[in-house]
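Below, each structure is written out as structure tokens.
Look at the two complexes coming up: chain A is in both, with chain B in one and chain C in the other.
And then the complex of A and B:
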């Protein structure tokens, strides 16, 4: 009785307990709709669910071995990394100057420009991709215009190439790079730059030594927000890519929806998740060591 | 005192929209001088400092550093150092890296950098903290890092923008003495912006008082305190002041609503204000040896530690009187007492209105 009394007292006093009670609904939601399916995918990958959809306690690595020894899958895997890598770099190269310009050089219409930037992203992702297709197509408005103006001899063919996939991915994910960068640059104390100038640093040096290192958390956030969805992308290569532009997402989709081989699909998914997770964790750790994490 | 000017401002004007932040400012600051720009907030003192640094561009006028016109020279090519109000220490660098930054930008050799950082750390008394992160330092220590970072590049002029504002009183008082000592040691011109007259009075060789973008007076702390050039300076400087308006009738004689007041000689004619500092006014039951004598009623008595502040009403005019000395504390006047107050004629100064 004495014990339960003190326990109750402790709970009543301890506010963090109340706060953690608030965490129960979201955790429950995640448990049912995220962790449980994920666990089932795990079971499939270790061959612990048979064709009759029954659980069998005989784990095996057979599906993993098949995926790992299949060079075609590895090629697609590397291609996904390459597409996502190029996408994230292009997003950074385009997004950084945009965020920098809005945050540092604009005085009055900052919010307006950020909203103008966000508005296209209120439109469905699919719709935007279709819109891009109408520009990239051989018989697109752009190609017709350029050929009729005799600026080009024959229409440029972009559709169904690597370029098309990357272009559309950059377009679709750019906002995910700009927003965290902008938020980060906005809270950067501008007197730090003035301090650097008074110490003899030119504007270029100041950017390299002060602004860039201090915007690393923004770059990191943008990197993760673009890279992770980009590497698992399967709609864009499906719509604007050709048969040679398959990404891991398409492969997994094929195994689940096309070939109906959930076991290989699951093994692929697991390998993919583990790989991306370890990549992200190493990246965050490296940055954290330099004191630049979020 | 040196006749070489480290910084000269000629007719500097700076506007922000419709507001004239700096209004035709002329200043000649001497080499190795501790010079303060003092004024209420919004008086244009910080803008003036930023113009010297090159962080603001003046709309009109010329800035010279050691005779050279630097008006169009960008900040990073001016040989200045600056300590910012909120210090602006680089958060991603440790103490050593912060201080070495300016030297690295000047492409100084590694060994030389180490040597000079070590030297400056000794001057600002931060030995052994080289590898601390700046956010692990106390406010006073961060202050010293900011100072060391600006001084290590041996600037021709050091600009300080209210650097002690964020510190608490005790550390601030300590840093004032320290700053003055450091200035003597490094022999550099310090230009110090502050709204705190104690800071300006404690450290400065000369002070410029600013208001509404205009320089009101430039002078030594003594001159500014005892010979203010207008009533704004008179009431801005010092804890309190007694000002009585009147008309000059004869050299040293001013006709006021309280009668004729005997003052120190002055060339000013017409309508003037007579200024008497509170500590120059005597108070007692019976006063002798004073040139101006009035009778009044004690309105308030405040014990301030080393002195007592009386407010005495004389025909509707309130006089503030500071009475120093422990001997006096035994003979306190009381509220409502009729007392005599008075002062010698040299203590009342004629100020033009």
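And then the complex of A and C:
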């Protein structure tokens, strides 16, 4: 009796051991390919690697202080926030009705519509951006069509403006808003809505009092999934933006690749990461753990 | 093995393909095509191809559209070497790879400003000029450059200027000076929203500093301050700060009328360029290129052998092959960048075209960039970000 008990315990313990062993490869992978490079970026930002690429144990804040003293950098940062903010709001305004419609109004073909919505995003993001460029261009078929139909007098110039950057960002990130919203709305208990109607609430009131509050986790998830990549975007402003569309991503790129001053580039990256992390932490605090389960 | 005749066929068929393709220009008459074909055939007979016993693999890293690929293939076959020929589109890419010292390439082509930087980092192998007898064909002024005294680590590949490419049908009067793009009462005001400056801060600061009569490679605060104020005033009138790809497409489509550009890129628009065909007819007559009268920044690309190269012998042999005057001439006719060793062998039309070979009288007005320290680059980037934020 006593013997078989200990054996069982042993196996049980062994299973836990085996399961935790399974965690080692992904952790190792992250440690080598993410945490270690991240640590090196940290070393650069604190001036702990010299120009011969040797580690020196004299941490200093000079690069941070220098970066923080640039008013231009602050302006570029605010501009990025503005572009990402407008993008995320437009994505929400366009994405919410789509997710709502597919989730609530469609009886059949829900999956089909979601897949139809996702298919364009199987295409490389660069290709999609180039495709948009050929539409926004002054000599594009869109402009040719509109002018030849006499709907407009002269071609619309969208390329190399703020409008172009925001338009392409909305286009590229929309799916990141729709999917978490759709997943969230699908899980929403529809009997609550029936209850509201039975008790005489108007559709508007039902939406505002039940659907919207319950879909907040989806909205927040979509917000983070769109906002974080959008605020650090550098390819889109580079390709379709004009002289006023330089963003934080371009700034960091310039210091790493153009100026090849990894110390300042690292300090900029660290500050940017701290900002993003504080956003995510605030979000998790507010929403609790369920906020991450979208 | 491919015989010399086969290579001729490949090259000549390029010319014929063009004629059949019906791309116009001044070689449209059969007699002219015939004479061009004969010229290239005669030229090709002069190539002295030496073959060596070489290790079988050679990895080359070069800018896109920057060589005659048929010649590369021919050399590889004759020498029994299999070449991996990779390309990059910005200097950042090649520097990022070479500075690791483990890029895996045996031969790369990089710009003047980074040769010294890479050499100081210790990521270049020395070049043995004794193994490159054709080095003697390089004109003296391209030997022993400021960035590599004694050609210890580099051999010139091609060179050029950064000036102004412009649409000669819609822009009048003709573009002659930096003042045209910096003064509102000249072209800048007249063609608002149709002018681009270069996306590379070295080029755009360089242009502003030359216009201001300063040293284009200055890192003095007072110079950079004045330059950035000038550029901030210019900015509202610009269509943007355009990269090669953007301004080439923009000029061709007429979206941009004046672009701060590399000469070879403009040549690439004017002539229909291809890596596998010799085309010396003009495709577009409406684009011109001007080296501004105040002067311009010059640049030079160079062969370097990266640290860790496994086939240094073959790398030297390949450099020697490209420096053959006829090979250089054919490369020039192919990509429309000047290969200095081949100048005497290219047709007169190309030799005299300022978009390809910078005219002798302008050579004195060229400024060379110089390598900057990381601190100097950061300082310039700081002023650049001020311009971008404005």
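We take it that the second predicted complex is superposed on the first by the 269 of 294 C-alpha atoms of A that agree within 3 Å, B and C clash if a C-alpha of one lies under 4 Å from a C-alpha of the other, contacts with A are read in each partner's own complex, and residues count from 1 in each chain.
In this section, contacts are C-beta pairs under 8 Å (C-beta built on N, C-alpha and C of every residue); 3 or more make two chains touch, one makes a residue touch a chain.
Not measured: the values here are computed from a predicted model.
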| item | value |
| --- | --- |
| Superposed partners chain B and chain C on chain A - clash or fit | fit |
| Touched partner set for A:26, first chain B, second chain C, both or neither | neither |
| Partner chain(s) touched by A:257 [first = chain B, second = chain C, both, neither] | second |
| Superposed model, chain A: greater residue contact from chain B or chain C | C |
| Touched partner set for A:199, first chain B, second chain C, both or neither | first |
| Touched partner set for A:139, first chain B, second chain C, both or neither | second |
| Touched partner set for A:210, first chain B, second chain C, both or neither | first |
| For chain A as apex, the angle formed with chain B and chain C - C-alpha centres, to the nearest 10 degrees | 150 |
| Minimum C-alpha separation between chain B and chain C after superposing on chain A, in Å | 45 |
| Those residues of chain A which chain B touches in one complex and chain C touches in the other | none |
| Complex contacts: residues of chain A adjacent to chain C | 51, 70-73, 75-76, 79, 137-139, 157, 159-160, 238, 241-243, 246, 250-251, 254-255, 257-261, 263-264 |
| Contact set on chain B toward chain A in their complex | 53-55, 74-77, 80-82, 84, 86, 88-92, 101-102, 105-106, 133, 149-150, 153, 159 |
| Contact set on chain C toward chain A in their complex | 90, 92, 95-96, 193, 200-201, 235, 238-241, 243, 253-255, 374-375, 377-378, 380-382, 384-386, 388-390 |
| Residues of chain A defined as touching chain B within the complex | 189, 191-192, 194-203, 205-206, 209-210, 213-214, 291-292 |
